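Written out below as structure tokens is the structure these notes cover.
As written, the chains take the letters A, B, C and D, and residue 1 is the first residue of each chain.
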């Protein structure tokens, strides 16, 4: 997949018990930016109050020395967000920080609630007002409307009402709580540094701090951290672990440990399985950089076909790039990739990409490789056909826009002008991930085990009486 | 008063039934910027949804062509705000726009609620979460928690619970509501344009649109405007009109009509009264520009002493001005005012200022006038000594910082180094304003008839369990 | 004249022999911003090197603490510029700083050379390359190509070749030189502070520093300032002083002393002369604020007709103001002025403006005053009809755009819809300025005694082979 | 070499005879940003005038739709610049655009003149003033002071006086000229698109436009392009081709064709030679990404040791990144690289880097790899020890800062804590580059065949009488 196709919603980070809490969060968010670069925010706590700073843009642009200096205290929670809608205004950034009857709360969320509309309607009917369109706000209202004044109790009661995918960090003045939905759809890891606790979407955020990776937060687990240390609680009945396969395929950084695996190794196995499932006569294997580099390397090692860097990726693509509009056409992927002619000319080329979403960029890459002289272009996707939208925290396009939702493999091959096309089988993905079951396959097979919205969220909101547009 | 001493909280503007609602609001806010220049916001409605844009800075800097173009619809509400605290972040700007069980609400507020803390505690105890520190948010929670689903009913029930000073504009998808507290402490006017209705803090905002000034919203009146036209309701028992005298003395623009008076005329009468109450031998009358120009003119006309422009005011003072810190001392007022030597040299000078707050700038001006050659400097304040903080919507300093709270007139004269000093009497102010009673005099006499906070708001918030700091 | 009509090119400031040279220049430029707000720049010298900082925008926006801190040394020269063309890019800002065979030079210029094209052609034919379109660059090339290595000598030889209007400050590593053209068309004053020397376009820039005004730099005088103190030289044959009358009428601040006069007093005399020359039956005199305030006051004092503030001026007009484009028409002057109805209603009104340039704003003001209820509107200009472009440093429109170049007074009265219109006579202006001769009247009578460009500069540049457009 | 160590000065691009000249230049510069990201500029020509836009930052940030739209015409020249000094102000950006006696000139330069100071002194003695500190300005003065009015003649005469390294594009109103120094030290290529001519530092800039690579501009060749087409001239006596080896080793993009070679292939040969010269027992080969990826791949293919991606590089490093300053130490390379533990743990690791400059980052990487569990770390540099500063267009540190200038290989191995260290031999580099001679080896062997500055430029400028500091 060329990286601009779809994106996880966000990365989250938390610290408790370290005098540099906000600075550590800044660095942790920095390491999580592949999960979101549009808004960044940190809320810190000195035990009595919360301090709060959010902005639009990359982490290093949002926070300056003065803004970090204002984020006092020994605890903090941070958030980076990717937003595909026009609504990427600061009002919809996180962490959300509020006051309720028992003090301050701040929350950062990675995931997506499937019963958000129902919960929102219920909360509104009990007098809640909503100032954002983030489902994250729901948890805060549930706690605020809870019958219990004990935050732990109120949180557990509230979580019982949530459906869908969530990894969250919640902070009061005096405690940090980290928890994952019972299926463990989205990742969340625990770390330590200098006696303080760290929480992060991925372990690469601990590495940048020289922090120590301890373990994953378990599916359905709530971890409470305060001055008395860390306590774990598992209030939910076991639900069966269903981790998002796409974290391995695309989202997580290869240097992260997720679900007990180094992502790099899983990604290499995806490439190896691909080579095993569909042996191909070819002269060279290339990746669509950078997300497919490791899978292509695995493919090469398994097949014996040499790995080369056939596409050079530009890292200077910015948000404001202007496509000149007159005579310069067919521009698309060229601003991002350029082929290396000596690698491709006269060759039978295997192109490994992690996935195919809409198929448009795949087609551009096939044509680019062919124009650089390739004799044959064999496109290999390191995942199965994506036929269904994700409701569990990944911002996929609608079903109609997914090329595999309406086209067979041969049709797709024709559409992207590849000589041959092969998708890794679901079994192949599972073998690569090292376990037979335990994964969410909803985008491949449509099995929405964790529920799905009654209707598509956006449509409902549009027609639901009214809406504040940011 | 030199203009940097204290400031009204804000200016508000609303439109219903005009295809250019947001554009009109933009211009209306532009004309109200003397009431607030730190944040500006507009929420518009197309009858089904709200559209929302806020930012920091002056109106012409916040809104660009694209942001205005996104504010669709035939109704709009806008707000400009002056904020003295460090918390002038965008999160505390208005209008506040939320969703509740019956759709969208947006509100803009000029004033200050005196029972905010009590109401907030009650609302929180019923499950409300607060995302800002503006008392304005309270009204929205009251409506959302109301037992009635009828917005008119819910609004009236909510208003019965508010104490203090407020002029507000509330907008749902399909209606605009404008209302003032029962004392009518802060101004609010009704206008018309091309068949649509306008609401504004001051009538000068109608002038910029070539709109027609209709009348003031009455104290305690609620005006409902929707597609069926305008309805008025007065649910409150008559409380006795108590308009803020300082709107005449300082805040309102001289070209506005407020409480049936052109502010210019009242201000001139203040100067005339001053001349009558304290006849002075002098050669020239000058104003502290620009807020005191009209009073000084009135003083001149009554006394026969020639009016001259003795201080030139710079309009290039910006927020980022750096005072060089080494050897260049005593800088203060010089960046803002410069004396005209030929006007002052060898003269007995009457300096008319609208009021004296801390006294520091007054002293600088007296010394500046004397250094320019004045033989005598007679300082005349167009209002009585300010001895008490305002809790009704004006951001005065604490009582301790008010020079007249602890010093007698002669001591103040000495402190500011004036040859003589005279404050207009309370009776003089009332004569100038044209009515004997009917005005709030709380900052002069401490009569807090509309309630006052149990403790000073800020302190309570600090110690009240916790606080999200922006 | 409403202030947006035409503008002097710039204000200049210099310091020698003060440890806070750049800070003083910053403040001095701040006080000169009425002469230019589009770009600002400072070059300082520590005796060995020059330091240089320029930017677009107002003085307080261009310079921050760090940029000022980098401007080391005991000497400095600064410049603020108003630019009407699209070419207000930073490349055309001043001071211009260069290196030549004998070291560093920096120059700031107020004025306009009439033989710029000829000099430029000559210099280019001798190998000069021009990097800007400012005629100021010419002086630097003349010095660099001079046969003398002595800067004093080279400067004098170069000045002999310049024609037109100039007040300039030139700085080498070790000296500051200030000089005016032989006619003394543009102002330049000398001041002192803490043993160091100051130079400024107007004396108000000394006041902000508590500096002492010493005297004007004389027409044709060169003042050399270095560690040995100040020396004066007058290398030119006496030419007859011809100061720009418009400095009194409009440009200079009323608190400045120019040509031995306080501008305030001259401006008041202009109003008095107007009242004497054309007695008018009226109820009230108002100014077009702020530039005409003093003249209107003089008119009132002479005529006995009361002075009132009939137009309120907004000071929040910014460069980015968007005029909404749909149905909101006839917008023009309303964003800047609003009439005070109680002052004007039913009255016979004398409107005093300092001058009439294109006449469009005058018409808008007359209509505005009439709509506010005035029974009669008598427009009075504090200067004679402007019939000719200025080539001596004021950015007037082309002759065709000057309403008085093609229309008689009665036609203009009709065009601006005034009941009567009167322009002060040339004799009246000269009486007000206190001398019979000695002034430049070129824009009134077309007498271009200091030369005029062979053709209009812009046209020539356009067709002259080529041009670098910024 | 980790990419932050040293940097080529710039990339240049030109177009003649295409209606989208500025847009093409924008895209061409975009593809050349690896050669400079601090300033970007374009000058275009419509045959009569030049249009000019420059700014600080990345190409996509500097140019917006409006600024591009203003760059009219069918010819253009552009420049991107990396600047290590504090003087990266816009005044020192390129192209430099001037007017001289025969019209407009604009020039973009990649390289460094070694006799700049002498030429500058001579030019100044003949009356030139210098407004920048770029040696590029010298060429323009030489042309302007030339005895010939024919631009071709003046250019050739001027080029005879230049010493050092230069690839330049010069544009008048009606022609584009591209030329390289007689040694051909820096690259410059010719391309075609839609009948128009393209010039670029590297051919990858043609690819982004779907332009056609034609050939390199030859060492000592001047290419004239105007409406009559392209003419080539070689006025210099043959000097012996001496191309910069570092273009292959580090600077040029692997997808570019330079000196007849695809850079990718040369870079792979560098890795192969390294493996041949110093066979090593190891389990895995990793690159310091991204500049060494291809060399590491070549090493792997030659040695048979598997290639893996052992370091993940962050592409979010920005200019404003704040290193928190309290307890978070040893931060250095971690913000840029993170090791992949599963690749390194328990392994004997070969780390391939393209070069070693100061050695500090090399040490950080060795330690990072070891902390990730590597049993042995064998560091391999794809180039010989860099012992001498570059005076031919690469911004190397001073000789003292080059670790190999004072330390032997074993000492360096110890300093960077590698188990073994090997540098590719000079012969190995030459074999990889495919020719025995023909390359500049000055940074390796100190042979400054194209001259060197009499003294170090900076020192001279500092003491040379004076200097304008930007």
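Basically, a contact is a pair of C-beta atoms (placed from the backbone, for glycine too) under 8 Å apart; a residue touches a chain by one contact, two chains touch by 3 or more.
Just so it is clear, the structure is predicted and the values come from calculations on it, not from any experiment.
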item: Listed chain pair B-C, A-B or C-D that repeats interface A-D [over half of contact pairs the same by residue number]; value: B-C
item: Euclidean distance of C-alpha centroids - chain B vs chain C, Å; value: 37
item: Where chain A and chain C are represented by their mean Cα positions, the distance between them in whole Å; value: 60
item: Where chain C and chain D are represented by their mean Cα positions, the distance between them in whole Å; value: 48
item: Residues of chain C engaged with two or more neighbouring chains; value: none
item: Contact graph of the chains (line, ring, star, complete, other); value: ring
item: Chain D-touching residues of chain C, taken from the complex the two chains share; value: 43, 48-52, 90-91, 96-106, 121, 124-131, 140-141, 144-146, 172-173, 465-470
item: Complex contact set, residues of chain C against chain B; value: 19-20, 23-24, 26-27, 30-31, 33, 37, 58-61, 63-65, 68, 194, 204, 207-210, 253-255, 257, 262, 264-265, 293-294, 297, 301, 306-309, 312, 314-318, 320-322, 324, 326-328, 330, 334-335, 338-343
